[in-house]
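Listed after this line are the structures, all set down as structure tokens.
Okay, so chain A shows up in both of these, paired with chain B first and chain C after.
Now for the complex of A and B:
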């Protein structure tokens, strides 16, 4: 140890350790004494984000977790219109289904053959494009489970075929007649397919087929509309819908329309030449939607013409009968989604397109002068309730049952029910004039047992049903389908179900 | 110990009971000072003969006591006396009945009896009905002993059972005599229509089954409208399908309550029962197919403190 005395001068040395305070007892001074910056200007310490002390006044203390970000879907969404195209896609053939041997085609001979009642007749392959063009097929009608599209020749179809035969036949009493029918029936009873059969028969007989496949599209507000100038009360034209109608008609009936020449004078159509065929005439409305309504009127005038206008006799041919089908009639008996100038709803009968087709139902004036058929079907799957239509149909039923419109039993709208007088006016009885038949109501029901058997055998022959089809089995299906409702039969035919027969208790054999 | 304190109504009832015998009203002021607990000697009514006797005291003639007239008591109760000796037992009328029956049993113990199985079936009062009948809260055990007595009396051979016993027994019979009408099995009515009911869950179906061609109407509508599902339709007609009778009968159904499954299965049961009326031989097939087996399960009720019938609320620490 060092001596506390200086060896040179013998004076006591100062011990610095004793003077300096110990580091344990005093706090360290962090700031340098020679800095002139004030301590408060130093950077504040970073706050701890997760501490609970961060909560603000009156903030809840519940556990809060970070929300997970939704995983981004990397797959590209389907292109615009693709989903709808998938939904509306119509598949008419299934290569997995067996081909039915000896299946007959619908033809002018088979469609009136009573012996074929209950059998399924294939639609001619050459006609499928025409039927597609008039949108006679609808999705979910079960076309895609068979090798080729076919329809049952039920009683109603046979009667329909006979009507076609009569109207385009040679009998002067029946030729050129106009048949008007409203087709109703329970859900799945085959109303739309009945229209399809009518269209197919029309094509077979070389008629002109004009269809409105969905009445809803005209009143749902999805197609353009514009008021007609000078009309009072205001009426509206739907150029795009009319253009689509012309397109359907041209595509489906091109062969017939090509063979017919323009025979009347039509004001307002400057591009029209006297040498044009009716197909060319109809195509005028395809390019320019604004022209479509006058073009349709011109086409209608040509189709209903019985003789050429003076000066245009060159090459006039008599016009074929016309078939008009409309599906989903009740949409035309309620209000539309269109608005008038005063923001009130447009009445469907103020749309000239709708009004044109509805006016054909009246039999007091000649409408289809070359004969034809008007089939307007109601729908049950897309069916707005229309009280006035119900009353109108009830009145038709009563008239067909022989109830006089003056009798107290004749159905009338209830008081304060606010029934639409314009709709009721449509169903008022009109006398048949000349060849114009009165409006009839046809109710489609179920198939008979024999027809059911034929229909289910078709399933079995296509390889869909693996059952021994006998009378008992068929009548069981007939009862389960609510009396042969064909839509239900189709469901039963395509679904595999448990066998109903239980093992009977049998005595033991030893 | 509770003191017995008859109230006014009981006293009034006792009064009514005592009306049969002449009752002398006791006027407090005329009451003798001597205290009698149970009886009070009534002085002989002063007769015309007695008066001279009393006056002619010195004669000292000894005369025999008059003949006792048992029809007329010498002594009368000085206070209200209960009609029944079992009055203070709590359920006196019940005990009276028991005593009466026991008396009868002893009296006719010597009569021959039939075995218990052969005795005529009697619909005795249910306990609640019996309590109403006697107006007393009779314990279960005691009522059972009474029933035993009744059954023993009932076993006396019917041909020789005395009228006294029969009337005594008949008091205890339920009104309407439920065992009188015989059970009549249902049958197909004169129009060839078999009617039967079926239940499942909360649905009730009434089916009318007639011979026909396999047409079905449910509540006046097509079966397709009522049961859009194929499964439900197959279930509803299962009784006819499993026996291959679907094309032999027409079915007309009224069904209400519940949902589509319950309604369909209620119809199954009803059709199965109705079909058995037409063809009783099908019973084993229907039984095996499960078409006539009743499913008596119903929705269990929700209980307080539970979220559902059995589910308890989630346990929470605080």
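Now for the complex of A and C:
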């Protein structure tokens, strides 16, 4: 194109009007330096309103960008509680999973059968509602990948079954014993499921099962609390949490509680009649949260009663043993989110609910007079650090190893560590009195190789694993799972991998 | 709906947040109020017993909050201006009062510090 400028004098050349395009089609004629796009098609530049000259007095010359408008979300938000319900939903069955042929159920016979060690026993279908009521299942435990919920009969479970058998058996030396255990173990080692197995065995043996599925809820400041008048130092009741505990207990144990009658007189509950069942008694606390703590105390007194009060002998039945499980113990060993009136943090042991369950760990006084079991598990997924608890558990380990509390090897809190004396007091050795067993520490580890094999075969039979399960492969998985940690095994088992050749799982072939 | 100090709060609201909606009550004061009446930190307005509502209202009405507090703060600024102090002058000029630089970042004093100061 010819230049519109004269090269000699740099003045614009006149162009014949006919050559110029008409002004109706193009508004501006410019040349574009580096663009190949026709400039005339570009949008006319807008006047810049935010030019510096228009700035007001004492306005900064900073770069101002227009804020992006938040995109309006037209979708209706989920109803109140819906998201939480989805999060906490527990699915116990998967119709896509294969039914495992010849799968045995947990029963009073199978739970002590050593030959079944390593096999997965189904939880009885009739019991699932009870287990749900005591919140024994937790979300994300992998129940939803199998046709029906089942648990491995590992060594610890067999030992547990034998304890149940002994305590509710006929042997006078063992009957009515109280077993106290703190259950620890690495992450995924099956502590919560161990409690679930205990609850299931308790239901099978017609025990009363009382659970605290999450110790955190009592100290996280999410449930109401009120001081007990006249208590010094102030102690607090948690009416709604107690009411929830009663609800769980009533729903899960209604059959046992219905068969037992009120046999004692209780302060604060004058209108009780001897014809009332324990279920009626417990239900008093459901409607009125203010009554729930006295009602729970009354229910506890009834369950631990060995003989009726005078004048109430009518139809007294001996009480069954009681199972108490608590999950997430370390939350009860740190400070709570509750505040006292002077704005100091409430110590968890000042909450009477917590104090009640912790006092059961002491074996110097009779607690569960009709026998029973106390299983308190620590958690690793939601675990506040509590130095005092660590020291307490170390002391228990040392005692179990035969270290005397007076010996210099006995673990003690470090100087200036500010360990909580109330927590340490809890783990001090107490002598066993009568049938009250001393507090033991049980550490859950991994499964053995044989148990691992049984567990993985269950995956294969459910159609999840398409592998030829042999000794070598099982051994490999056992090592991969950190020595048979069951949570890791579950991850390995549920990970569907495409094998080179589709082989039917044949458990007998090596 | 629950009346606390003449204000109507929906029952679903958190009590702590509702208390903080009063001018002069922040995180600390509201926490202390809750602790004083043994109310748990995640309590909703609807969960309060009648007595607790009355107690809270009684305490709040004795505190210097809302218009009383606003008036006090404005009076303090006015006193500074009237006595001709440097701080008072800075308040009146719409400039930062506490020795901040004025080259940039003084939007807040420009917005707030003026002769007829509002809160």
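As a working rule, the second predicted complex is superposed on the first by the 426 of 510 C-alpha atoms of A that agree within 3 Å, B and C clash if a C-alpha of one lies under 4 Å from a C-alpha of the other, contacts with A are read in each partner's own complex, and residues count from 1 in each chain.
We take it that contacts are C-beta pairs under 8 Å (C-beta built on N, C-alpha and C of every residue); 3 or more make two chains touch, one makes a residue touch a chain.
Keep in mind that this is a model prediction, so the values were computed, not measured.
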Using the superposition on chain A described above, determine whether A:338 touches chain B (first), chain C (second), both, or neither.
second
For A:271 in the superposed arrangement: first (chain B), second (chain C), both or neither?
neither
Just checking: does A:186 make contact with chain B only, chain C only, both, or neither of them? Give me first, second, both or neither.
first
Quick one: is A:472 in contact with chain B, with chain C, with both, or with neither? Answer first, second, both or neither.
first
Can A:417 be said to touch chain B (first), chain C (second), both, or neither?
neither
Is A:259 in contact with chain B, with chain C, with both, or with neither (first, second, both, neither)?
neither
Hey, is it chain B or chain C that touches more of chain A?
B
After superposition on the shared chain, which partner residues are touched by A:480: those of chain B (first), chain C (second), both, or neither?
first
Just chain B (first), just chain C (second), both, or neither: which does A:222 touch?
second
Hey, which residues of chain C end up touching chain A in the complex?
12, 31-32, 34-36, 38-43, 47, 94, 104-107, 110
Contacts from chain A onto chain C in the complex sit at residues 58, 60, 62, 80, 221-227, 236, 337-343
Listed in rising order, the residues of chain A that touch chain B in the complex are 186-188, 471-472, 475-476, 478-483, 485, 488, 491-492, 495, 497, 500-502, 504-505
Taking the complex as given, what residues does chain B use to touch chain A?
213-216, 222-225, 230, 233-234, 237-238, 240-242, 244, 246-247, 284-285, 288-289
